[in-house]
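For reference, chains read A, B, C and D in written order, and residue numbers begin at 1 within each chain.
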Amino acid sequence: MSENSLSIRKFSDLANPTRFLGLAGRVLPWLVGLTVVLFAIGLYLSFTTEGDYQQGETVRIMYVHVPAAWLSMMCYTVMAVSALGTLVWRHPLADVSARAAAPIGASFTFLALVTGSLWGKPMWGTWWVWDARLTSVFVLFLMYLGLIALNRAMDDPGKAAKVSAILILVGFVNIPIIKFSVEWWNTLHQPASVLRLGGSAIDPEFLWPLLVMAVAFTLLFFALHIAAMRNEIWRRRVTSMRRQAARAAGREA
Amino acid sequence: MPISLLVEGLSAKRGEDLIFHDISFVLTAGEALVVTGPNGSGKSTLLRVLAGLLAAQSGRVLLDGISSEIGHPREFCHYLGHRNAMKRELTVEENLSFWKSFMGDSPGGAGIGIEEAAEALGLGGISHLPFGYLSAGQQRRMAMAKLLVAYRPIWLLDEPTAALDASADRLFATLVTRHLGAGGIVVAATHQPLGVEARELRMTGFAGVAGEVGH
Amino acid sequence: MMTHTAYVAASYGTAALTVVALILWVWTDGRARRRELQALEKAGIRRRSAQGGEAQ
Amino acid sequence: MTSLFLRDLKLAMRAGGGALIGVLFFMTVVAVVPFAVGPDLNLLSRIGPAILWIGALLASLLGLDRLFQAEREDGSLDLMLMQETPLVLTVLMKCLAHWTATGLPLVIASPLLGLFMNMKELAIGATMLTLLAGTPAITLIGAAGAAVAVTLPRGGLLVSILVLPLTVPVLIFGVSAAYAAVEDPAPFLPPFLILIAITLFFAVIGPLSAALALRAASD
């Protein structure tokens, strides 16, 4: 009970944007440093470990592709949680978080698509197949872009917050349906894809660099997300101060 | 050579209705004409005909005393309509500098700087704000700053002071007076007194009945 | 296997490009906002909540 | 004149602008096609250029109705009508800005979508080239439709209906040039040159008729 209230207090402490800015200022340098170190280790590992005897050099693409794909999904989850925060708890930072995450999520999804297609070309002989997994990632990408467009279309952040939160949640509920229907759609026309890499269990040889890179990318995401949230808070302050300036100019005259 | 605006036997239709008929007047440099009359009497229509935005049914609008060859008198006119012709998304500065360079100056004068123009309307220091952030009165005043950034000898003003408070009203009156003093011509449609020495054209609002020019 | 190296290089290259672009965007955005805030503060505009916070 | 170009670009980029929407619509429309026709790569690569062209055509009609309507709503159009600069030039400038903000991104995004349609590299390049040459024609002839519908409160759909039939020649020669590049016997250049000629022709009659319509619609 007391533990619960403590956690609630911490949670609402974070709700104060000024306090968030202070915290972000302290956390960011550490986060950035850790990210750089992990990337250095991850990149070293991913280029020194041996290539797969079947896939050759291209297996190294996995070390950026898999983390990017993982982040594309995690970012949407972060946005969905933020959307819940906006609608249910009315947490003032939730909407900032959702708004800041959208471009980052779109970038990582784009990265996952591009690296996936660069991996697919030598492996499958084509840049793109309308395979269930690829297709759902592409749909996810379109959803990110739609959310960014929605955010841009409304200049009042208060109004935009609720509407885009609703859209994010609708999308989140829809993702499993999309995935399911796409899988069903594809297997209807084409035998199950043989183009999955999960055929053989991942060798520890590949596991280590993959893990390190995944953690590094995740930290990168959080660093970017916190920095983007900070930017968004600043942007809103600038907006409110400008409105205030306009009002002040009216009073003087 | 001072310019003058000649209007001869002007009449205009909106759809099938004759709004006004056979209006004639001559305005010489430094003169102002205030067009008054009840709603729907054709004040706005007259201004739009003068601005070349509506074709006249008969009659013509001429400019005298212009040395250069001109296509249409409207090119020497500023038209301040009901709408402000400013983009909410752009800053005041971006709006004004666009109109300044797009409109250019008529021969015989030069527009003033943007910050200077905002200053003249009592709104200095906020031209970096997006236009949409301003209140209705401020927006109207910034739209008036357009009159100053690009030089036109003739100002056509449609209800210019409708959204303004008393002090802004006076400010605008001094601007109009200064424009007249520099040899400009002003035609304004208004309900309120403009606060400027002007002739008056009363529109009766009676289709087909001419207005009378009083003093 | 030669071309495979090219694919690897291309994918790492796009990854680096995307990440750098993202970082640059966040960073320049932050700097522009901070500059705007400073300009507004220099113009003598304070947030009302900030004034309240100092009074406490 | 450049100030008008820059202002319209800025407006498109700013919040609420239409620069992003067009590309997004393009991508969504093209991405939906495989769901309808099935993921058969051979079929997709065969119909790819046509699908890209239809997507680009629909996407460039999007937002065209606001070209003059937004200017009319805030009174800017009145001032543009009054200036010494010929209205035709003003319209042409607005078209160029509109194309740069909405048409050019379509051209840039088209290779990516070409990959999704499993098109050959040559086909992708040819389609991109024809889009680059052909999409300005859509904007230019669309301006005439936008000017005609400027006073209508719900002109958006009407503009599309008015303009789509006029863009048929663009579609015909754009697609046939794109196919000619891939299929050997047909030469690429003749349809492509006709496409360019159509664009140049529309660059004249589009702004001219739009300027006439704007003058006539002014009230």
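Operating definition for what follows: a residue touches a chain if its C-beta (ideal position, glycine included) is under 8 Å from a C-beta of that chain, and two chains touch if they have at least 3 such contacts.
On a predicted model such as this, the values are computed, not experimentally measured, just so you know.
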Busiest interface, counting C-beta pairs, is A-C
Chain at maximum distance from subunit D, centres defined as averaged CA atoms: B
Centre-to-centre distance between subunit C and subunit B (centres being mean Cα positions), rounded to whole Å: 46
Report the inter-centroid distance (CA atoms only) between subunit C and subunit D in whole Å. 33
With chain centres defined as C-alpha means, what is the inter-centre distance between subunit A and subunit C in Å? 16
If you look at subunit B, which of its residues touch at least two other chains? 89, 125
Please output the residue numbers of subunit A that touch at least 2 other chains, ranges allowed. 155, 242, 245
Listing for subunit C: what residues touch at least two other chains? 43
Tell me, which pairs of chains are in touch? A-B, A-C, A-D, B-D
Would you tell me which residues of subunit B are touching subunit D in their complex? 14, 48, 51-54, 70-71, 74-75, 77, 79, 81-90, 94, 97-99, 101-104
If we count contacts the way the header does, which residues on subunit D are in touch with subunit B in the complex? 1, 3-4, 7, 10-11, 14-17, 73-76, 78-85, 218-219
Of all residues in subunit D, which touch subunit A in the complex? 15-17, 20-21, 24, 27-28, 31, 34-35, 38-41, 44, 115-116, 118
Which of the residues in subunit A come into contact with subunit D in the complex? 117, 126-131, 135, 138-139, 142, 145-146, 148-149, 152-155, 185-186, 189-190
How about subunit A: which of its residues touch subunit B in the complex? 155, 242-243, 245-247, 249-250, 253
